[in-house]
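Listed next: structures, encoded as structure tokens.
You will see two complexes here that share chain A, one where it goes with chain B and one where it goes with chain C.
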Partner chain A sequence: MELKAGESILKYNSADQTVTIEGSMRLANLMEYDKVSVFLNDAATQASDKLTLDMTKLNFLNSSGITTLSMFILATKKRQNPKLNILGTALFAWQEKSLKNFNKLWNEVEISIQ
Partner chain B sequence: MMQEIILGDYDLIPDTIPSEGELHLRVKPIDMVTYWRRCGAVANFIANFYRNPQDEIYHLNENLISTTFNELIENAAKYSTKRDSDIDISLKLYNTILKMEVENICSQKHMEAFQKSMEKIIDSDNDELDNFYLNKIEAKHAGDKDSGIGLLMLKKDYSLQLSAKITPIEGEVYRVSVHAYYNMSVE
Partner chain C sequence: MTQDSSTTTPKKDVLIEASQLLQQPSKNTKRKILIAVNVTFVIVSLLHLSIQLIQFGKLPDPERDMVLFPLLLIINGFSAIYNLRVLLLDLQGNTILNRFTVWSSMIILQLLAVLVVHTNPNSANSILFDFVLSSVVLFIVGTALNRTAAIIWLFICFISLYVAYHTRGTDFTYYLMTKQEVAELTAKVAAKDPAALQRMETAAKEHIVPLPLSLYVTIWFIFLLLAFLPTYFESGMIGQILKVIPEVIQRIQIASEQKSQLERENIRMGMELDVARRIQTMLLPYQDEFDKCKDLDVSARMDTATEVGGDFYEVLPQADGSTYFGIGDVTDHGLQSGVVMLMTQSAIRSLLDGNTIHLPDALNQINTILYKNIQNRMNDRRNLTLSLLHYQNGKVRITGQHESVILLRKNEKEPVQIDTLDLGIYVGLTDDSFTDFVKEISFDFQKGDIMILYTDGATEAENEQGELYSVERLIESLPKYRHLKSSEIVAKMAEDIYQFIGRKPILDDISLVVIQRT
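Right after this comes the complex of A and B.
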């Protein structure tokens, strides 16, 4: 399963239950991010118990994108399934600065910054 | 006519102090909203302009500078009242401090929403900003499609010092100027 969103690409690998997001995701507003929300929720439905979001190759994410991911985390928290694991990198400041917010939305979200 | 409004420490480094380097750009909102990727392209260009990996005094965090300008430019593009008005963008360097500025023209409705949000962001400490963020996300989860979290994120996550000036121009049209100060020596 694959989705192109602006200058970014999302891929879901069912074998390791991982969504990788690469490139620069800076869509104009929440409405444009709807397709990203649908993709993430589809991946969460397909994953059995744990879903990994690998963002180590995501250079940029704007505030509308952070809001979209935050809403996905709240929706997953509500269902209590699957558990979420987020992989990030300290190479990109936005990840070092903002990924920690996701843990404040749901304290069971695991965040690993490489 | 409404008087000029200052939010936060707007003249932390006044324009009368000569900078050690400056970059000024002017773009049109119509260009930004027609091809949205241009907001990011301009932000990336500015962040790359002062890049110098060999510099021993400071290491400019390109990702942080690009993210900051992208948020400020996206807001200016979204809320500019006339598509043929100007968005003025500048970056000034003072030793280890970067002064980032974006100006645009907006309507009274957007000016009032901006003022309310900016006052809350400037007056809040980190715990209050965390709650502000959580409340905004909860509200959006419940269907609210309104104001974003860009400025909130710049203060809360990036510890940037934010300030703004609102100047009435004519009728119900206002110039909004946002300053974001980034101290590279704190990184």
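Right after this comes the complex of A and C.
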């Protein structure tokens, strides 16, 4: 499963239940992020118990994108399934702040900064 | 918040589709005509050559035929193969080759048409029969090439006809022989009657050699075939064009509807943008309110992007000499962001202005109000970063997550950043455990200290090379203006940002609030 969102690509690998987000995600508004929401929810449905979001190659995410990911985390928290594991990097400044917030939204989200 | 140019894929242009529908039949028709004519010519030429060689052992006019036929076989043969390949494989074809094959094969046809008329052993008959080829070629040239080529060829035909007429002799009269006369003459020639042989010799000299009817039938067969093929494809094309016309009209109607819808949409969006900008800016505090802040010199500015980006700041001087500040940024842009900003302003004013309230409590209440309104009423996902500050007696308390606060102490050379990351989370996004994340910290704010509040429109302002202004540049720009009044610092710092971005338009609202302790 793959989705091209502006200058970024989302890929879901069912073998290791991982969504990889690469590039720079800066869609114009929240409405344009709907397809990203659908993609993430599909991946969460397919992943049985644990879903990894690998953002180590995501160099930029705008505020509408952060909101979209936040909403996804809140929705997953509500279902309590699957457990989320987020891989981030210290290389990109936005991740430090946002990943910490993701953990605040659901304290069971595992954050690993590489 | 950062905006980006639209990434939606454009719809296929219905007008281009319509024009393609109309062009498709004629495009293939020319190629089909060319292929049919060339294939016919090559086959007929090969047949003609083999019949001549088998039947007579030589070509009728070796000087002409040894040049013309190889040329015809090569050029028209190549043209047929090339165009057939382009047609069958649905290729675009090479522009030069497309032109070359059509022009060269037409010129060969024309050359042949002229030569058969003027080099025929029976020049009287050539006017009667061979000239028909010129007429057929006229039709082929008109359909395969264009109108101008057809006109030029028509004039060549007129000249050719006139020359043939003159060569034959303008006073020449056709006499046809009866079957019996023919039989008598043939018998006399067979018996080598001198008068009959003399007659045949004179006839040969005058180019009125008798020719068999079968030859004329063959010639007419070729001419008919040549005239029929272009007619067949041309009328097929007209039929196809007539068939697609309703579809083309439908496309044109769709295009026209799309255009007027787009115009209406543009007007609506223009109005919405205008309303959004007015909402966002109409509730911003004025300079004379700043002047009421005790012990503080305050100034602020907001430069809105074309599509307003939901920036927000508030300055509320209090009767007790303290001042509340707020700074925030709503996700996304447009009318809804403006409405969220409006509600935030109202909530802040009602909770803080004239009241003594613990800042985290105020932020919690603002979150609840916004969450309920945004999620339940507006059915939206917008949220905002928001920091609330309270200055009182040389001390600033701050809560809520937004950008950092830049603080330049009187006795320090470089400013420091006060991080707000751990003071809260997005406001209006969730009402679940929001309070757990709201914290308050405080710091001293003494005489001569300067504090800058900003939104990411300032730090993420982009220049033409795509570089961001960055918080580092914003920090660096402050110390050199520290001796100025706040209103001048705001102007200078904004000037530095504009200097950096150059001619690139601002993509997001830029807000700056400068607070100096006096």
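Keep this in mind: the second predicted complex is superposed on the first by the 114 of 114 C-alpha atoms of A that agree within 3 Å, B and C clash if a C-alpha of one lies under 4 Å from a C-alpha of the other, contacts with A are read in each partner's own complex, and residues count from 1 in each chain.
To be clear about the criterion, a residue touches a chain if its C-beta (ideal position, glycine included) is under 8 Å from a C-beta of that chain, and two chains touch if they have at least 3 such contacts.
Just so we're clear, the structure is a prediction, and the values are computed from it rather than from any experiment.
Once the complexes are laid over each other on chain A, chain B and chain C cannot both fit and instead clash.
Once the two complexes are laid over each other on the shared chain, residue contacts for A:Phe39 go to neither chain B nor chain C. In the superposition on chain A, A:Ala75 contacts chain B only, with no contact to chain C. Of the two partner chains placed around the shared chain by superposition, chain B and chain C are both touched by A:Ser64.
In the superposition on chain A, contact is made by A:Leu105 with both chain B and chain C.
In the superposed pair of complexes, A:Lys97 makes contact with chain B and with chain C alike.
Touch criterion met: A:Leu30 reaches chain B and chain C at once.
Look at A:Tyr12: by the touch rule set out above, it reaches neither chain B nor chain C. Overlay on chain A, chain C versus chain B, candidates 217-225, 271-279 or 289-297: the clashing stretch is 271-279. Residues common to the contacts of chain A with chain B and with chain C across the two structures: 6-7, 26-30, 62-64, 66-67, 70-71, 74, 97, 101, 104-105.
Contact residues on chain B toward chain A in their complex (touch as defined above): 33, 36-37, 39-40, 61, 63-64, 66-67, 70-71, 74, 78, 130, 133-134, 136-138, 140-141, 145, 148-150, 153, 157-158. Chain contact summary for the complex, chain A toward chain C: residues 5-7, 26-30, 32, 62-64, 66-68, 70-71, 74, 96-97, 100-101, 104-105. The touching residues of chain A, when paired with chain B in their complex, are 6-7, 24, 26-31, 59-60, 62-64, 66-67, 70-71, 74-75, 91-94, 97-98, 101, 104-105. By the touch criterion stated above, chain C contacts chain A in their complex at residues 1-8, 329, 331-334, 380-383, 401, 421, 425-426, 429-430, 432, 436-437, 456.
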